[in-house]
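Both complexes shown next keep chain A, but they swap its partner, so chain B is in the first and chain C is in the second.
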Partner chain A sequence: MKLLTHNHLRSNVRTATTGYPLIITPTEIRVTDTEYNDKFVKHVMQNVNWPVLVQAASQCGITTLPPTIPPNLTSDTSFLQALHHVLVNVNVVSGVLKCPDTGREFSIRDGICDFMLEEEECENVKI
Partner chain B sequence: MSRPELTGAAANFYNDTEARKYDTNSRMIGIQAEITQRALELLQLDDSFPNFILDVGCGSGLSGKVLEEAGHYWCGLDVSRDMLNVASERETSTKGDLAHHDMGTGLPFRAASFDGMISISALQWLCYSNSSKQVPKRRLVRFFSALYGVLKRGARAVLQFYPETPEQAVLISECAAKVGFAGGVVVDYPNSTKAKKHYLVLSFDRGYSTPKGLQSAAQAGVRVDSSGSSKRVKVVKKKGKGKTKEWIEHKKEVQRKKGFENVRKDTKFTGRKRKDKF
Partner chain C sequence: MASQPSTRSSSSSASTASTATSTATQYLVHFVHRHLDFRKCDFDSSLIAQNLSPSSIYAASNFDMLRPFLICTFPDDETATKVAKSTVLIKHIYKVNSVGETTEDCVAKSKPFTSSPTESWKIVFDTFASKFTKSEQSKIMHQFIDLHKPSGPVKMKDPTTTMSIIHEYPVKISGAPMYPRFDHSGSPIPSNVDRPPLSVYFCSNFAAGGRDLVEKYTLKKRTYLGPTSMDNELSLIMCNAALTRPQSYVLDPFVGTGSILFSASVLGGICVGTDIDTRVLKGKGEGGVMRNFLDCNLPLPEIIRGDNSLHSRLFRSREVYDSIITDPPYGIRAGARKSGTTEDRRKPIPDEHRHDHIPQTQVYPVGDVMADLLTVAARGLKVGGRLVYLIPSLKDFEEGDLPTHECLELEWVCYQPLGLLLGRRMVVMKKVKGWVEEKEEEWKEKCWPNGKESADKVEKLREQMAEAAKKERAEGEKQGWGGKLHKTKKQRKKEMRNEVELKKFTD
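Up next is the complex of A and B:
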């Protein structure tokens, strides 16, 4: 699981209010080396929840991100490269994600998180 | 054409053996790629930058591979852990991420996460119930309502699916409309039983009208999303073709073997088309 994905994930169990952000307890992290994609980082960072990314990175042992996006750095290539790295290259291979509202846990094994819910846990819908 | 949906749960059908067969079948690879390309075309993304796409029912990642080749990053969900395992072994993938998830339970993302969504050959599974708790209509509405939330405003979703009956296509469209989506079903190659493909195209834009389906079926592939190992095979009767010479000779042979003596001899007239008489 990439931190890019984590930044968008939430627990959608019926009893969660926002279910966001999921708390990461990693047991294995793998850092890959993918090519820097300038256009993608610039596009996707507009939709990144920055405080959540900072927190997620620190839960994975990366404490280099500034607490707010430095306004003068949004076109700074070395900053954007570091951001690309955190969003796309840092992978949680195994561990647990926890819903902040309900404590429901979602386990990660071989990089794949298990979001399977029982019918009783799902949101009600009118049909 | 066999319908894997009639055999039970998708996670059981797409087990390890089937997942590996699926991922290495060259006909499958070709056709899933062709469908995904068509879905991308219908999605009408802003291609001036790489998009972040949701792929629901991503399977072994054949559809994701096409997204990736088009430059996009993607997140894939699937109910079969075996399919996902095969997908995660794909070493060339650097832009995709995977999660184990049943689309009938909603979607585990915050609002406005994705620039677009595709689903290739998966949606029809939601029309079947595999336990007393699973109500197809409830699962469909829950899925579409979640989808409505996780897409960015202005984004579109394209879902290619294989309806078993016209009623299924109607049910699916109605559930999508119920949660507020505009759009409809685009049917490519409507006159070919084999190549016919249904794409549910969804948009937030009330004024959106779906494009026309493709017509010539010369190049289109048939359904190959199962390797034919399903048990409960549905026999589809060919209509209107008449009885062929081979069929008649086969029938006669069977009758002879059963010991009937009045079976007519096979001649050059057997199974010939007679003049139409009015």
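Up next is the complex of A and C:
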């Protein structure tokens, strides 16, 4: 799971209020190397919740992100490159995501997060 | 017929007269003789992706679904090269020297094709939907050579200039030649030998299309495959129709073995996929969805096991994707399921089994699958983004029965026949209106244009398809194809032969 995706994901159980952000407990992290693209980073930035990204990165052992977005962001290529790295290169390969409201845990194995719910956790079920 | 619904104030409404001014360089687009109903969509999508309006490139009235050649103008060579490269169904774009109604006419209008005594050259002969004998070919070539007397050397391998003489003949709606000049044994068919061609083109080879990707990443070369894996050509067509390009953010909510995202990745997309079925994601020892991406050194997609009917609970973000491209579950190959159960057959799960327990699921009606897909697209796409999906359908399926959404405009419906009666359609929709959270339910209710009736029609597709397949099988037996239409080796062989046949006409 990339931290970019983590930034979009929330717990989908019925009883969660916001279910966001999910707390990461990684057991394996793999850093890949993907091509940096200025346009993509600037584009996805618009939808990134910054404090959540900072927290997620630190849960993965990366503590170098500034607490707020630097004001001259667009002109600072080295910052954008570092950001690209954190958003798409850092992958949680295995570990656990925990719902902040309910404590429900979702496993990550072989890089795949499992958000499949038990019957009683769904919304659209007649029980 | 590939249709651009009339609701769309399509670019073709713009002036078409300006297309071919006599001074501008004319280019000749040569499509492959396959997926006939997808060719216009494929070309137009590549133009739009380069910020070109199709009506500024060619007159819509010049496009004929059954003709693989189309005269265009491009602002410059570089643009033409870029467009060619990004298409799936274009073989080549040429620069036009002359076009005639007959060979003689084309020769008479032709201009010198080399410009210096050092310029090496060759001429190749190409015929569509007909054949010329070697001596006929050489005679025609010499008409051009004798007229212009190029002073440079002839060079068969990599000359500076390669000219093509192309004779185009008409094909029938089935794609087969209308007036073959020779029969199978090679004897001339008298009534056809002297039929005039549709057009004769004399042009220089210029830019190759993106066909190399089709072959390079064919399914045959992939380690992880399943019965639902989509062939690379069609998934590339879908990705191009979705305007996927480097750094597009792409979602496939029914990712299965990942074949669509694979093609999106080949085009440079950054991909996210979800699927409810953990077995299809993990595979049986071949390494699962990630395998092929690793093998081909493509960036890994994000894969999440989740239920598309709960998509909006799982993803908080809206309007982030450039493209949503998918082959939804219609219960034909891979049945649709969703979370929960309708019956009270739940048993407590012992703790030691919690880990591998597969939660129960219930049947996910096709009408809901579609309504949910359009809702996910309306919410997830950026304004201007595209939703591209497949729907199996009968030849005469009413396009008015397709699901609609307030935020999405129908752009293309392209039909791929898979037999006499049945086939599938690729539907392309463009997100045109911003998402309003409060309207989610209201919009979803209106998804089926004719209410329950349309939903029911789609619901019945499965039975109809089975019915049609049965009919075709019966028909096949009558004609001696022997048994199952799409499954038998015999039929596959026949299909392959057909392909080869078609290729013969185009190469």
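Keep this in mind: the second predicted complex is superposed on the first by the 122 of 127 C-alpha atoms of A that agree within 3 Å, B and C clash if a C-alpha of one lies under 4 Å from a C-alpha of the other, contacts with A are read in each partner's own complex, and residues count from 1 in each chain.
Just so it is clear, contacts are C-beta pairs under 8 Å (C-beta built on N, C-alpha and C of every residue); 3 or more make two chains touch, one makes a residue touch a chain.
As the structure is a computational prediction, the values presented were derived from the model and not from experiment.
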Using the overlay on chain A, decide if chain B and chain C clash or can fit next to each other. clash
Partner chain in contact with A:42 - chain B first, chain C second, else both or neither: first
Using the touch definition from the top, say if A:10 reaches chain B (first), chain C (second), both or neither. both
Looking at A:79 after the superposition, I want to know if it touches chain B, chain C, both of them or none. Which is it: first, second, both, neither? neither
Quick one: classify A:112 as touching chain B (first), chain C (second), both or neither. both
Between chain B (first) and chain C (second), which, if any, makes contact with A:50: first, second, both or neither? neither
In the combined picture, which part of chain C sits where chain B already is, 75-83, 435-443 or 489-497? 435-443
Interface residues of chain A shared by chain B and chain C, listed 1-2, 4-5, 8-10, 12, 19-20, 32, 34-35, 37, 39-40, 43-44, 47, 88, 110-117, 119-120, 122-123, 125-127
Any idea which chain A residues touch chain B in the complex? 1-2, 4-5, 8-12, 18-20, 32, 34-35, 37, 39-40, 42-44, 47, 49, 88, 110-117, 119-123, 125-127
Listed in rising order, chain B residues that touch chain A in their complex are 48-52, 73, 75, 77, 79, 81, 84-85, 88, 94-95, 97-102, 105-110, 112-114, 131, 133-135, 137-138, 141-142, 145-146, 150, 152
Applying the document's contact rule, which stretches of chain A touch chain C when the two form their complex? 1-2, 4-5, 7-10, 12, 19-20, 32, 34-35, 37, 39-40, 43-44, 47, 88, 91, 107, 110-120, 122-127
Please give the residue numbers of chain C that touch chain A in the complex, ascending. 246-247, 249, 270, 272, 276, 278, 281-282, 288-290, 299-300, 302-307, 309-310, 313-317, 319-320, 338-342, 344, 346, 349, 355, 357-360, 362
